[in-house]
Structures are given as structure tokens and as C-alpha cells.
């Protein structure tokens, strides 16, 4: 299990970094700024999680997350036209979906294992791990962030994290299979949202005035 | 003493969460985003304090802060018309005032007890505990934050925290009565500011250009 | 060596605080808000570094950083006309350049000594120490930050930090002289950028659309 989850994590890291560069490049930015945005997006959420739970920051133990984000940023910066094509854009959205699915459930598992504020803190930190980096990126880039948007992005993550918390609480023997199922569930909902342009349902929305 | 301060703390948490939802809802936000804003506002300041002083984050020990913020957010989201009424708005402002008064002095006391950077760090972290959550909320919501406003909000908190630092330094035997007095002082100045529409005095202001 | 680096550090702290006040004052801000901006700018980057590496926050050990930032902020707030003059502005830019040169290399040295994520984490945290406070200030003030600007500010810092990482890795016996050289290198490039209005070279830039 370790093996494949590691590679999905790296795919997610690539997607986070590449989409960050594609998002900020049209504003006119230099390679340094683009790389900062990419690294922040890729590791920001997990860093907040580790700082809050007082765990050693994950990328100080395995630096490949930083190297992969940096290499992806440089590649995306100079090969922008390649990444803005339609099929490449779709590929990045799928990899991003894989990333948030995996990172959030991994985070719930990690925080639960540290016995930190069970049951609500692991769920919160699962969501923060998935979306925290993107929030910092959008704040730094002066862009509207996903909390203020109707895209169905964070809610699938929340659903998966809550379900996985139930698994860990009531049927901990099914931790592995439950974790994989929750990862798949988030991924499937997110892909459906991308393909069908699904937005947040109306009864969950306040009207803009 | 413990007992009543706990309930004021919960009232403050409710106020922070409700006012956050009321503030961001008109921008068009979903229940998830509104809940994030509410929780960030309610526990953000104390989280920064605990992370900086390397103390265990307070809501990992007593999760009721998160549950109360979340329940308040959901209630406020669906019962918005109720909360935007004039008297309800006033009630929320008063509860918010109680919250910042209590949280800031409690924070000074806590950080002083940890012997962390006395005397200036406890004062700084007292102010951050009271206003930090609101600052993060405003940054995430793309709103102008209170540092850039003339409302008399943070200065009463600062005055109370400085006075309480003097109490802890020079007359530590009066810690309890001094703490309560400083909480009341902040509360009274803040209520006066609300009722009389008091703003920051001119000699403390730079002119906007 | 300790002695002179301490004084350069204080000069950098003064410059960070003064330039923060000068930057936000025209937006119309009160003394409290200006002081918060000054302190955040002066100690924000180092605070992020210490929180991430789980080291005690530097200003809890030596509070003079906070006192100096606060005194500089108050002076700059009331003596704004003095500081906006051309030669004073130049002096501040030079002191700021000294600050980022020193703080970044000191940070690389500190994080390397903690054996934290060598070699990439010390470089990252060196850069963050130098520019992190300014980024938070710009986010709080609603200003465009340096990541989105063409000014040659962060890149000299990055170059110096990378070079110093090579020194620490391959010729650790030259740590002192290498550190001083890297500080001087950053300072010289930054001064050249100020004097010659140098901007980020075009091949490192994406075009704004």
C-alpha cells in the first residue's frame, strides 16, 4: 500500500505545483515568484497540519516533495503553452483530484494516530491539508479563493474525511480498506464535478448581494 | 471563577462565529465556506498564540470550542434574517466585546504563566488572540481588515493587556481581581465605542491620501 | 563576529519597521495598526522559520527585536515627513538591504545547524526569513506583494542562500568567511538593483495578460 500511495502523492504534488504556476503566470510573475507559489500550494496545507499538531514538518523528513514541486514549477513556467492546452488541463485537474483525495485521507489517518482532538480535529486537518496550500496561494496572488466560489471542490473532501472518521471510530479494523474507499469516493465525486460542471447545491448557498 | 469565565468564553465563541457568517454571507458563500470562516474567526487567534508559544493547541484539548463555533455557524447561516435584525446585531456586538475582553486577558495570563518573553510577548499574544482570527477571516474573505479601519476595536484590548501586564509584574497577588478588572475595563471601553460610535482619536491617525 | 552582526540585525529591524510604517501610512491607519504592521514586518519571517523548525521563537529569547521595531514604528509614524525625504528613503533602502542580507544567511546557518531538511529546507527558510514578514504585511495591508512585482529583491537573497548552502555542504571549514561573503554578495546585488533600477531579467518573467 505504501508504494502506490507514495506515487499518487507525488502526482498530486506535481499537479498542485503546475496548476499554481498556470494560475499565477498570466498576472506577470517571475520564475522565483512562480516557484514560491508552486511550493506553497504543494506543501502549504500539510505544513499547517504539522505545525498545529506539533509534528515534524513532513518535507523536512522527505524533501522530495519540495524537489518535485520545484522541478514541476520550472517545467510549467517555461512550457506554459503546453500546459494550457485542453487535454493537459484536464490531466492536471485529474491529478489534482487524486492529490486532494489522497492527502486529506492520509492526514485524517495521521492526526487520528497522534490522538489529536479526536474526532473533529483530524477531519478539520484533513480538509486543511487538502485546501490550505491553495488558500495561501490565492491570498498571496490576490485571487479570489475557493471558499468564495461555487465550485464543488472542498465539500467532497469534507464528506470523505467525515466518513473515514466514522470508519476509524466504529470499525477501526477496516482502516485500510475504508481509507482506500474514502480516497476513491472523494476522487469520484470530484471527477463528476469536473465532468458535469457540478456546483454547490442551492440549499447550501447564500445569495450574493 | 473558572466556571463563569468558561461560559463567557463560549458566548464569545458564538459571537465570533455568528458575526463571521453574517459578514461573509452577503458575498455569496456556501455553508462549508461559511463554517470555515466561522471556525477560523473563533479559534484562529488562540491557535496562533499556541503555535508561537509551542503550547498544545487549546481546541485539541477542549473540542467544544470547535463544536460551538460550527453549530453557531450553521444556525447563523440558515437563520440569517434573524441575526441581521437590529437588536440581535447589538447582542452579537456585546457578546463579541465580552469575547475579546476575556480571551485577551486569559491569553496574557497563560503566556505569562509559561514565562514566555515577559513582558512584551504576553501583551502581543493577548492582542493577537483577540484579533488574529478576525484578521485571517478578513484576508480570506478579501475584506478590509480592522487594522485599516478607524473603529475603536483593538486599542481597548491593548490597553487592558498592558494594564494587566503591570498587575502581573508589580502586584502579582492581585492577579485574579486585576484580571477581572482588566476584562471589565476592555468591555466597558468597547461598549462605549459601540454605543457612542467612538473612533480612534485623530492624533493616533495618519491621513489617508 | 557576534557583536557586529547583532548591530546589523538591529539596523535591519529598524529599516523593516520604518519602511512598513511609511508603506501603510498613506492608506490612513492608526498608530496601533502601524505598529502591528511594523512588528509583523520586522519579526514575521523569522517567526515562521522558528515555528516550522520547532525552535523557540527568537523574539521570546531576545525581546529587543520587538522593542526596537515598536520604537521605530512610533518614531516613523509621527516623523513621517522626515522619512519620506529622498536621502532618508535611500538610507532605509540600504538598511533594509543590510537586513535581508544578514537575516537570510543567519537563518540558513541556524536551520543547517539544526540539521533540518538539509540542503533545501535551510535555503527555503533563509528566503522566508528575509521576505516572509513583508509578505504578511502586504497581505494585511491589501497591497500587491513582492512576489507579483518585477523588483530585484528576493532573487539576490536566493542566490546568496544557495551559495552559502554549497559552502556549508562542501567547504564547512569556511563557514564564517563564506557566510560573510554571501551576506556581502546579497547586499551588493541588492544595492546595484536599487541604484541602477535593475529589474528581474526578461527570461525569468512571464508576460502579464
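Order of writing sets the labels: A, B and C. Residues in every chain begin at 1.
The rule is simple: a residue touches a chain if its C-beta (ideal position, glycine included) is under 8 Å from a C-beta of that chain, and two chains touch if they have at least 3 such contacts.
Remember, predicted model here, so these are calculated numbers, not experimental data.
Taken as a contact graph, with one node per protein chain and an edge wherever two chains touch, the assembly is complete, since every chain touches every other chain.
Fitting chain A to chain C on C-alpha positions gives a rotation angle of 120 degrees, to the nearest 5.
For the touching copies chain B and chain C, the fraction of interface residue numbers used by both falls below half; the interface is of the different-residue type. Distance from the chain B centre to the chain C centre is 30 Å, each centre being the mean of its Cα atoms. Shared interface positions of chain C, i.e. residues touching 2 or more other chains, are given as 51, 54, 139. On chain A, the positions that touch chain B within their shared complex are 51-54, 116-117, 120-121, 124, 135, 139, 144-148, 150, 154-155, 158, 200, 204-209. Here chain C touches chain B in the complex through residues 24-34, 36-37, 39, 47, 51, 54, 56-57, 59-61, 63, 66-67, 70, 77, 80, 139-142, going by the rule given at the top.
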